[in-house]
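Consider the two complexes below, in which chain A is the common component and chain B and chain C are the respective partners.
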Partner chain A sequence: MRRRKYNLGNAIYFTMNGAILAFLLAPIAIITVFALNSAPYISFPPTGFTLGWFSKFFSSPEFMNAFALSLQVAAAVLILSMLIGGLCALALARGNLPGNRVLTAFFMSPLMLPAILTGLALFQIYLLMGIGRPIWGLIMGHTLVAVPYVLRTTLAVLHNFDRKIEEAAAIHGAPPARVFFEITLPLIRPGVLAGGIFAFIVSFDQFPISLFLVAPGGETLPVVLFNYMKFDLDGAIAAASMVSILMAIAVVVLLEKVIGLKAYVKL
Partner chain B sequence: MAKRLEDRQPRGPRVSPIAWAIGPALLLFVLFFVLPFGAMALLSFLSGNPVANPNVSFTTRHYERFFADSLYFEALISTLRIGVITTFFSLLIGYPLAHWMARIHSRTGHALLLMAVIAPMLTGVVVRTFAWMTLLQDQGVINVALMDWGITDQPLKLMYNELGTIVALVHIYVPFLVLTLTGVIGRIDERLEQAARSLGANQLRAFIEVTLPLSLPGILAGSLLVFALSISAYVTPFLLGGTDVLTLPMLIYQQVAASFNLGFAGALGVVLLAVSLVVVITYNKVLGHFAGGEKMA
Partner chain C sequence: MTDNKFTRRTVLKTGAAVMASLATPSVVLAQTAILNITTWGGKWGDVMKNEVLPAFEKEFKCSVRADQAFPFLPKLQASPRNAPIYDVLHANSNEQWKALEEGIVSPKLDVKDVPNLKDVYPYAVSDKIVGVSIFTSAVGLGYRTDKGITKPTSWKDLADPKFAGQRGGYLIPVNGLGQAHLMMLGKLYGSGFTDLDAAYKALETLKPIKLFDFTGQMEKALLSAEVNIGIIHDSGIYRYEDKEPIEFAVPSEGVLALEQVLSVTPGSKVKELAHAYIDFMLRPDIQKKLSEAVWYSPSNTKVDLDPRFDAKLFNTPEKVSQLVQMDWKWYNEHKDEIDLRVARILRG
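What follows is the complex of A and B.
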């Protein structure tokens, strides 16, 4: 391998990539400093150590209600998107549907169309129909943008495994239901699960749709944080952010274990 | 008819019963995606809210207002400008990282790099925008460091302007570009570059003449993705742009929350949607073209 040899090109290449990694990670890491800094407002350099911001976050009913709501919504989205997305992936990969490509693009489109418009559009139709802003309306909005993630990981798994395994089982006399439960389901489970975990964190972090669909007093955590940040920039936000970052890290580790992060390279 | 359908289906002759599994997703998408967007488009052509006021009529005045007042048109232009600049810089810093990730041989190294890219991506936009506020504000990390080192006397204006907005948007959306590009670069045979080198090209020339052109579909798809995401950003331009930045998503929310003008919000939404649809359709064409007949997952 010539690449291993030290030369100027390699030095530039790795310095540049080191700087890019720092740009990606440093802003996230710096939040730790502010979550533990005792200064009353976000300021640098830190003046002392405190865990007070965490206790403020965990003892504030405003933050805690929002946190609980976000977790509940995310859990509902996890289940719904796994069911709907998993079934949809099966239909797209095994259903021999005409117009498969267009259908797939359609089901993936909430990822690329502005989420703020999805929020606006749902807000408008709920208003027109006199539904108001119920929690299930919020959950459906989140599920809509979460289904594509489940679809993608499940389709990836379905395309990767050999269809002949299912055919072999069928040829040996297994009825379709048995083929499904004993071959297909166990094989796609990691894809569906990984998609569901992804859907969970996407819902937990979801902002633009929630902005339009939350009822006053029933805001999700990102909306509460946003409203707080408009007026105040203190360590409580940093502490809340730390909780959110730790969840993201936990999810990344979990995804690596369930399916391997490589599945996301096609994103 | 059935015969012709068969001809178009090289992989399987008949629609299988499994196709019914698409039902729940179809229902969800019709009720909570197609219908709402239809309602949004409809409202943008109505003179008022049909529920509150039975005497509404069709009108194009919301669109006339958009094109008549330069404020709104400038918001569209600045949304697109921020999108283009964000995409350009995301590409600039995303490409080297994607190249490294695609070419690294150590499995642990690859997994760690993936984590470094995906973990920030899974951190919410509100949290990441907050992180940039702590870095860019007057008492923020960057200004304090610059003043300590005697580089400047007073804090530089790093946020409440387009600069701060774009820096944070690049940080937020670059992971999407890196992941798209890594996949494409990873599929380019490394031996092609080695062959170019053994024929006398240096590393840089081998990269520019072999790898770079072959990764063009990834560049295009990734850029379109980042562009589509950054023109719909709300939190970041709102918090980091201050009064200097006004984008279409900010206007849209303002029309709903402050003015409660659903028709005009709908018209602004339709304009943003039109831009996004062009981007999304191009994106799918790019993926479809380069993937050949293969389905993109």
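What follows is the complex of A and C.
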């Protein structure tokens, strides 16, 4: 057997990859340590092992209500942003609209504004309109910043879309609605879903917009965690973060099982 | 293509289910007056939500919406003056003064509207206070007792070179305790609380110092020995009740008052209820309950605390005379220049 020769390029390549992986995973590792540390405050190195912080998180009505609300809002945002983002992408890619590029930039603009200002502006608008702070107002705020993710991923799919398939279906007598639901929609699905997953996670973790739009007694998990941290900086925060991370993974796995995400590799 | 279904029908069904669950109407309290207030979280928030607010709602046949989500002041600033988002603002003094300068809270309360005002210590309604201070914490020096540190007796002890890198303070632009301490430095090393040059010079001598955003972070830093001495309120130490090796020291120059202040918004549509709420919060029984839950010193002179609280909290004329109240109106007027200067000092 021939011994593989030492290759400096490979060594640098693997070292860089290792460093990037470590950089990406280190926060999760640190949160795990904090969540399992028995010390009554966040500290390093750990002094013991406990699952007590998870127990505190799951037994707290405040945390659980916020967790449930965050899930509900994120689910609504997922659906709305897929609907709005997907349709906008179709219009922009297919509609021959004048000023296409300007419109695309306009739809992407919520990502360019500081989210805290978006939150404050929405808050003021809602109050001036006498709406107050309803849950649907919060969902609208989250959707505003989530739509660009769906728009971008769907546009990427549409860019490589072969329109001859649609034309063939139409020539064979399929009405436009059938062409859309049986040809167009299945083909753009990977882009819409990929954006939808981003939208879900962006909404679930959304803090700056929620800060202004949550109503008393209807706070989302990131807001509750922020307020909790001001008074109690203990492992319950880390446990909540762990649960959020696991939940995000679970959502991706669930979508893979239910809908199938293999097509994402095409993106 | 996969066999998985992602059709119009599934999308619409799922969407309808989620929207329906969110649109479920909450109980509408038609005819019931609603009082919108701000309040803290943590243990304070627990006692308020579980005991104090339900008792108030029952007695005054109203509903209280208590906002615990910071930041309160920008939300109040952004809401219409004639329909403010809060009827009662609970905040520390520095924020109350900011709110007063913008005309979004009323400066003073009348004993006719809030009868329990007649029983509060003078500091609670002094010219340094907007509305009324319902409780106060004493800000002094917290230190670890297991590091061979002699109990500090002066604010100047914080500058002892042996605490280099082990002392803790606050990010002055965002923390009231840090701001009050800066004014105290002016008094300690200069001509008075407004002697900023002396304060800046003294701040230089505290470097290296670990800085925190919130008092909760300072608490944990002391508990974990990340710092061995730091500026903190007494309640942040006493709540551990000798279970941890940390103690609170009252500097001979006095403790900084960290007041819990309530004020009413001029545009409130339920002013009578707002006054009733403040009066309720000043009742001796409510004061005792909250004092003993979170180790805040009560403002009402008629509160009888249990001995272990009585021994430590500032609840006698002699003890409250040690409280130093800051001129937040003056500070807020100079805040921008102070922020710029301290940022340069602490960055360098």
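In this section, the second predicted complex is superposed on the first by the 223 of 267 C-alpha atoms of A that agree within 3 Å, B and C clash if a C-alpha of one lies under 4 Å from a C-alpha of the other, contacts with A are read in each partner's own complex, and residues count from 1 in each chain.
FYI, a residue touches a chain if its C-beta (ideal position, glycine included) is under 8 Å from a C-beta of that chain, and two chains touch if they have at least 3 such contacts.
This structure is a prediction, so every number in the text was calculated from the model and none was measured.
**Q** Applying the touch criterion given at the start, work out whether A:Ile201 contacts chain B, chain C, both or neither, answering first, second, both or neither.
**A** first
**Q** In the overlaid three-chain picture, which partner chain does A:Gln72 touch, first (chain B) or second (chain C), both, or neither?
**A** So A:Gln72 only meets chain C here.
**Q** After lining up the shared chain so the two structures overlap, which partner does A:Ala168 touch, if you call chain B first and chain C second: first, second, both or neither?
**A** A:Ala168 sits against neither chain B nor chain C.
**Q** Between chain B (first) and chain C (second), which, if any, makes contact with A:Phe231: first, second, both or neither?
**A** The answer is second: A:Phe231 touches chain C but not chain B.
**Q** Contact-wise, after the overlay, does A:Leu128 reach chain B, chain C, both or neither (first, second, both, neither)?
**A** both
**Q** Of the partners chain B and chain C, which touch A:Leu120 in the superposed model: first, second, both, neither?
**A** Touch status of A:Leu120: both partners.
**Q** Which partner does A:Glu219 reach: the first (chain B), the second (chain C), both, or neither?
**A** The second partner, chain C, only.
**Q** Using the superposition on chain A described above, determine whether A:Ala22 touches chain B (first), chain C (second), both, or neither.
**A** neither
**Q** Tell me which partner touches more residues of chain A in the superposed arrangement, chain B or chain C.
**A** Between chain B and chain C, B touches the greater number of residues in chain A.
**Q** State whether A:Ser43 touches chain B only (first), chain C only (second), both chains, or neither.
**A** Touch partners of A:Ser43: chain B and chain C.
**Q** Enumerate the residues of chain A that count as touching chain B in its complex and touching chain C in the other.
**A** 41-43, 83, 120, 123-124, 127-128, 130, 211-212, 226, 229-230, 233, 262
**Q** Could you list, by residue number, the parts of chain A that touch chain B in their complex?
**A** Residue list for chain A touching chain B: 2-3, 7, 9, 13, 16-17, 20-21, 23-25, 27-28, 30-31, 34, 41-45, 83-85, 87-88, 90-92, 94-98, 100-101, 103-107, 109-110, 112-118, 120-125, 127-128, 130, 140-141, 143-144, 147, 151-152, 155-156, 159, 176, 198, 201-202, 204-208, 211-212, 222, 225-226, 229-230, 233, 237-238, 240-241, 244-245, 248-249, 251-253, 255-256, 261-262, 264-267.
**Q** Quick one: which bits of chain A touch chain C in the complex? Just the residue numbers, please.
**A** Residue list for chain A touching chain C: 39-43, 72-73, 75-76, 79-80, 82-83, 120, 123-124, 127-128, 130, 135-136, 139, 181, 185-186, 189, 193, 211-212, 214-217, 219, 223, 226-234, 258-260, 262-263.
**Q** Can you list the chain C residues touching chain A in their complex?
**A** That would be residues 1-2, 4, 6-8, 11, 14-15, 18-19, 21-23, 36, 40-45, 65-71, 74-75, 78-80, 83, 85, 214, 216-217, 219-220, 223-224, 226 of chain C.
**Q** Show me the residue ranges of chain B that touch chain A in the complex, using the header's touch definition.
**A** Listed in rising order, the residues of chain B that touch chain A are 5, 8-9, 11-25, 28-29, 31-33, 35-37, 39-40, 43, 49-51, 93, 96-97, 100, 110-111, 113-120, 122-135, 137, 139-141, 144-145, 171, 174-176, 179-180, 182-183, 186, 197, 202-204, 225, 228-229, 231-232, 234-235, 239, 249, 252-253, 256, 262, 265-266, 269, 272-273, 276-277, 279-280, 283-284, 288, 295-297.
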